[in-house]
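Shared between the two complexes below is subunit A, which has subunit B as its partner in the first and subunit C in the second.
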Partner chain A sequence: MKRETMINAALLLAMIAVPLWAYYAGKPFTITLATKVAILALAGVGLNIALGIGGLVSFGHAAFFGLGGYTMGILASHAQSYSPLFNWPFLFEGSQNMLMIWGVTILVSALAGLIIGLLALRTSGVYFIMLSLAFGQMLYYFAISWPAYGGEDGLSIYVRNGFPGLNTLDPIQFFAICFALLLLALFFTHRLMNSPFGLALNAARQSPLRAATVGVGVFRLRLVALIISAIITGLAGALYADLNRFISPTMLSWQTSGEIMVFVILGGVGRLMGPLAGAALFIILEQVLGPISEYWHIYLGAMLLLVVLFARGGIIGSLAKRDAAHE
Partner chain B sequence: MSLLRLTGLSASYGKSQALFDVNMQLEQGEVLALMGRNGMGKSTTIRCLFGLLPTGGGQLEFDGHNLARLAPHKIARLGLGLVPEGRRCFSTLTVQENLRVAARSGPWDMASVSALFPRLAERKQQYAASLSGGEQQMLAIGRALMTNPRLLVLDEATEGLAPLVRQEIWKAISKVKAEGHMSIILVDKSLKELSKIADRAVILQRGKSVWNGAMGDLPADIASRYLGV
Partner chain C sequence: MSAILLAEQVLNGLQSGMMLFLTAAGLTLIFGVMGLINLAHGSLYMVGAFAAAAVAAYTGSFLLALAASIAAAAAAGALVEVLVIRRLYARDHLDQVLATFALILIFSEGTRWIYGSFPLFLNIPPYLSGPITLPGGIQYPLYRLTIIGVGLAVALGLYGLITHTKLGIRIRAGENDREMISALGVDIGKLYTIIFALGAALAGLAGALVGAIQSVQVGMGEPVLILAFVVIVIGGIGSIKGALVGALLVGLTDTLGPLFLPCLFGLFLEPASAATIGASLASMLIYILMAAILVWRPSGLYGVRA
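Moving on, here comes the complex of A and B:
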């Protein structure tokens, strides 16, 4: 077995073992932390498809994360107040069913990915970074200035949304839902990486022209990748809103985009489990260093510097040594 | 009707014009040698052919399609396969992935490419970056073959390789030719090797095609004047 495969398996096992231990030890807060890791990792898995495989440095993934959150918030708040979202051309009512919310989130994120991609993918390099950032900020300020759903103050949802057959207020059951979605996204990413689509995306990252001369339509390819990436990050946003039962424009801010990018870079750009390793480390640091100093981010920054300078494969890359010539 | 026809092709890099009047045509199954000294426009002609450089004027026709306004990937999908100068494999993909990334169905598949280059089959799990120069060249040819092109273009396929490896590459190109069907354009400087395999030749001189004919008819004085041999 390759070393990276073993590390990946160990990570997943830890993600199962820790919450189970916490469940039997009666530590619900630890389960909540594990849930947060799973959700943030899911957001990173989404970004990793665009950034890691496709080389599209999107600095605006908070747009999708926040859109997922607001989709959940808007649907749930309408369900709480028994007022439909709109009556025409058909009656559309709010919902507190996760499956329904996820469905709408997928549609909304895909549409946002399509529109942002159509415009931003005409550029590359630093212009792409700036354009993706600009779209994120547009949505951020829109959310702040739109009073209907809380504006700057955000919006609370009093009861967590339901999932058929499960009690989502039970931490371990909500964790199971989030972890299952993460596993699904990881499995999908694994398949994608080895599919002709993923290979072409990887090839186009290295040289779009060379990829074009073997018949790869680079623009369409990247657009589809960005849409897939947006959907996964959007779903993470919906789950994150459900975890906190609260949405606010912070979810759309560029700091959030940066954090998602930090998970991916810390864990290992383009590595399957990179986002999970990165998100886990982030939460662990937050818990360990957070109580020591409110400026704990300075240690995170130092760590990021070390990774970028000396360990370009991130945590997974350094542990796996040289399996992949990915950097 | 010819498979490929270039009529009065011109092209420029910014303000400096590189091609003035390039004419050539190629039939199905034919092997054409595109020759000339350094800087005479061979690679520029190839770049125009694959849509990597916009044409200034003249016609570029492949199987009835006008290539002049098409995007590179659409040109490739019409059936043009390029083995670029300087090899240029996808270094972060394995040998097998390099071959799969561009595959389109046809007689050239993993099995037939492996038969042509057994060394690639031995190294199929290795990253392209870890291959030797000759192996990378084989991979670049294999990658182009996997797209099952009707016209294969090899730009300086043996440049900078050891003599033994060069022989291996030439042998493989002969085998591809012997399969029939596929037309081939060879850009190279080695007249000796080209004369063994090419049916026809075009010589470029300062962005113009100055000689055009059957390889066997190439007079010695023309060869020495334009190619320096």
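Moving on, here comes the complex of A and C:
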């Protein structure tokens, strides 16, 4: 078996074993941490499709993450106050049902991905990085200055949204929902990587000119990749908002974009489980270093710097190095 | 809206534009010559402001504080270039973004470690404080006017440096063809360090000058960094002239937008919602401007390479 496959299996096993152990040992906080890992990894899986396979360095994925969060917040707050979002052209009421919220999130994120992609993909290189950042900032400042949903203060949702047949307030059940979505996204990414679409996208990353020459529609390919990526990251945002029962413009800030990117890179860019490894490492570092020093971001920064300078390929890349030698 | 208010706001826009120019000039030079995206540029701005606040508190002299801001930022810039940045020139943009993002974390938390989370204060010296009466009866703070002057002087100085000195010739040559000038015997490593330190010094000076109006605190560099990126992308990455035009455009848009947009929406909406929508749109205005310019000209106003 390839080393990377073994590492991937170990990671997934750990993601199941740790919450189960915590459940029987009566440590709900550990389950919450595992849930956070699953959600952040899901956001990373989304970015990994654009960044790892497509080579689109999007520095504005917080836009999709935050849109997912705000979709949940807006729908749930209207449901709480029994006031419809709008009456015309049809009656649209708020909802506290996760399935409904996810559906709307998918639509909203896909639309945002489409609009941002149509404009930003006209450029490439640094200009694309900056344009994606600009769209993120646009939404960030809009969220801050738009008072209807809390503005700068954010918005609290008092009751976690429901899922048919499950009690979402029970940490282990909410974890199961998040982990199931993560597995689904990982399976989808795996299929995508080996599909003609994924291969063409990968080719377009390595050489857009050559891909175009053999008849690949690079622009359309990248647009679709960005939309898929936006949908997955948007769903992660909706779950993250549910985890905290709170949304704020911070979800849309460029630091959030940077952090999602850090998960992907620390874990290993373009690797299937890279985002999961990165998100897990991030949360472990936060829990281990946080109590030792208030300034633990220094260590995170130093580690990130070392990975970028000396260990390209991230954790999974370094652990699975021997594969490359055999191939 | 009175003419005096308008004139004041235009001056405010010029002032913030000039300070943006100081930050953006270094950023665009570094990108133009070395092809490097430096997210840590805002940290050098912060280093300048903290150095100025520390020296001002110790000596009481504002001029010494400014000198310290330039020296500290240049030194920090040179150090970072030698230790980290030079390994990144040959890498792709993703690595550059991440490594310099890591530098931001290190700089910010390091500064918080040394100085704590509370803002420091840097006072405007007595000889520059108070308002001055301009022609037309406009009262305007002398310090802000001085800042506009300093910005103009730096812009002229940079222009002179780049067009009339040996270093300037090398910088321009480096922008055109890096390999050729190193083949011609220019020590390219040293040139890169000098350019990086020069850009850092300009950012540090801007940090100190702005620090006297606002407060000096951790994280002050990041909003400026993003704005400076908007500026250089609008102007065309690598172009100093583009940075100047872009900075003034962004400074004026950011200052005048909140003034005009609510009035504009007031023409056809009720006052309360006009104020809300106007204010929300005004906060997004520079990003809308940037997106519009990039969609219209994908490599900025004066950009040469995409």
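In this section, the second predicted complex is superposed on the first by the 321 of 327 C-alpha atoms of A that agree within 3 Å, B and C clash if a C-alpha of one lies under 4 Å from a C-alpha of the other, contacts with A are read in each partner's own complex, and residues count from 1 in each chain.
In this text, a contact is a pair of C-beta atoms (placed from the backbone, for glycine too) under 8 Å apart; a residue touches a chain by one contact, two chains touch by 3 or more.
Being a predicted model, the structure only gives us computed values, none of them experimental.
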item	value
Which superposed partner A:301 touches (first subunit B, second subunit C, both, neither)	second
Which of subunit B and subunit C A:131 touches, first, second, both or neither	second
Touching partner for A:216 - first (subunit B), second (subunit C), both, neither	first
Contacts of A:254 with subunit B and subunit C, given as first, second, both or neither	second
First (subunit B), second (subunit C), both or neither touched by A:207	first
Which of subunit B and subunit C A:147 touches, first, second, both or neither	second
Partner chain(s) touched by A:119 [first = subunit B, second = subunit C, both, neither]	second
Which superposed partner A:262 touches (first subunit B, second subunit C, both, neither)	second
First, second, both or neither for A:172, with subunit B first and subunit C second	neither
Subunit A residues touched - subunit C or subunit B, whichever exceeds	C
Subunit C-touching residues of subunit A, taken from the complex the two chains share	51, 57, 59, 119, 122-127, 129-131, 133-135, 137-138, 141-142, 144-147, 254-255, 258, 261-262, 265, 269, 295-298, 300-302, 304-305, 308-309, 312
Complex contacts: residues of subunit C adjacent to subunit A	31, 37, 84, 87-88, 93-95, 97-99, 101-106, 108-110, 112-113, 222, 226, 229-230, 233, 237, 276, 279-280, 282-284, 287-288, 290-291, 294-295, 298-300, 306
Of all residues in subunit B, those that touch subunit A in their complex	50-52, 71-74, 76-77, 81-82, 84, 88, 90-93, 97, 100-104, 127, 129-130, 143-144, 147
Complex contact set, residues of subunit A against subunit B	196, 199-200, 202-203, 205-207, 209-218, 324-326
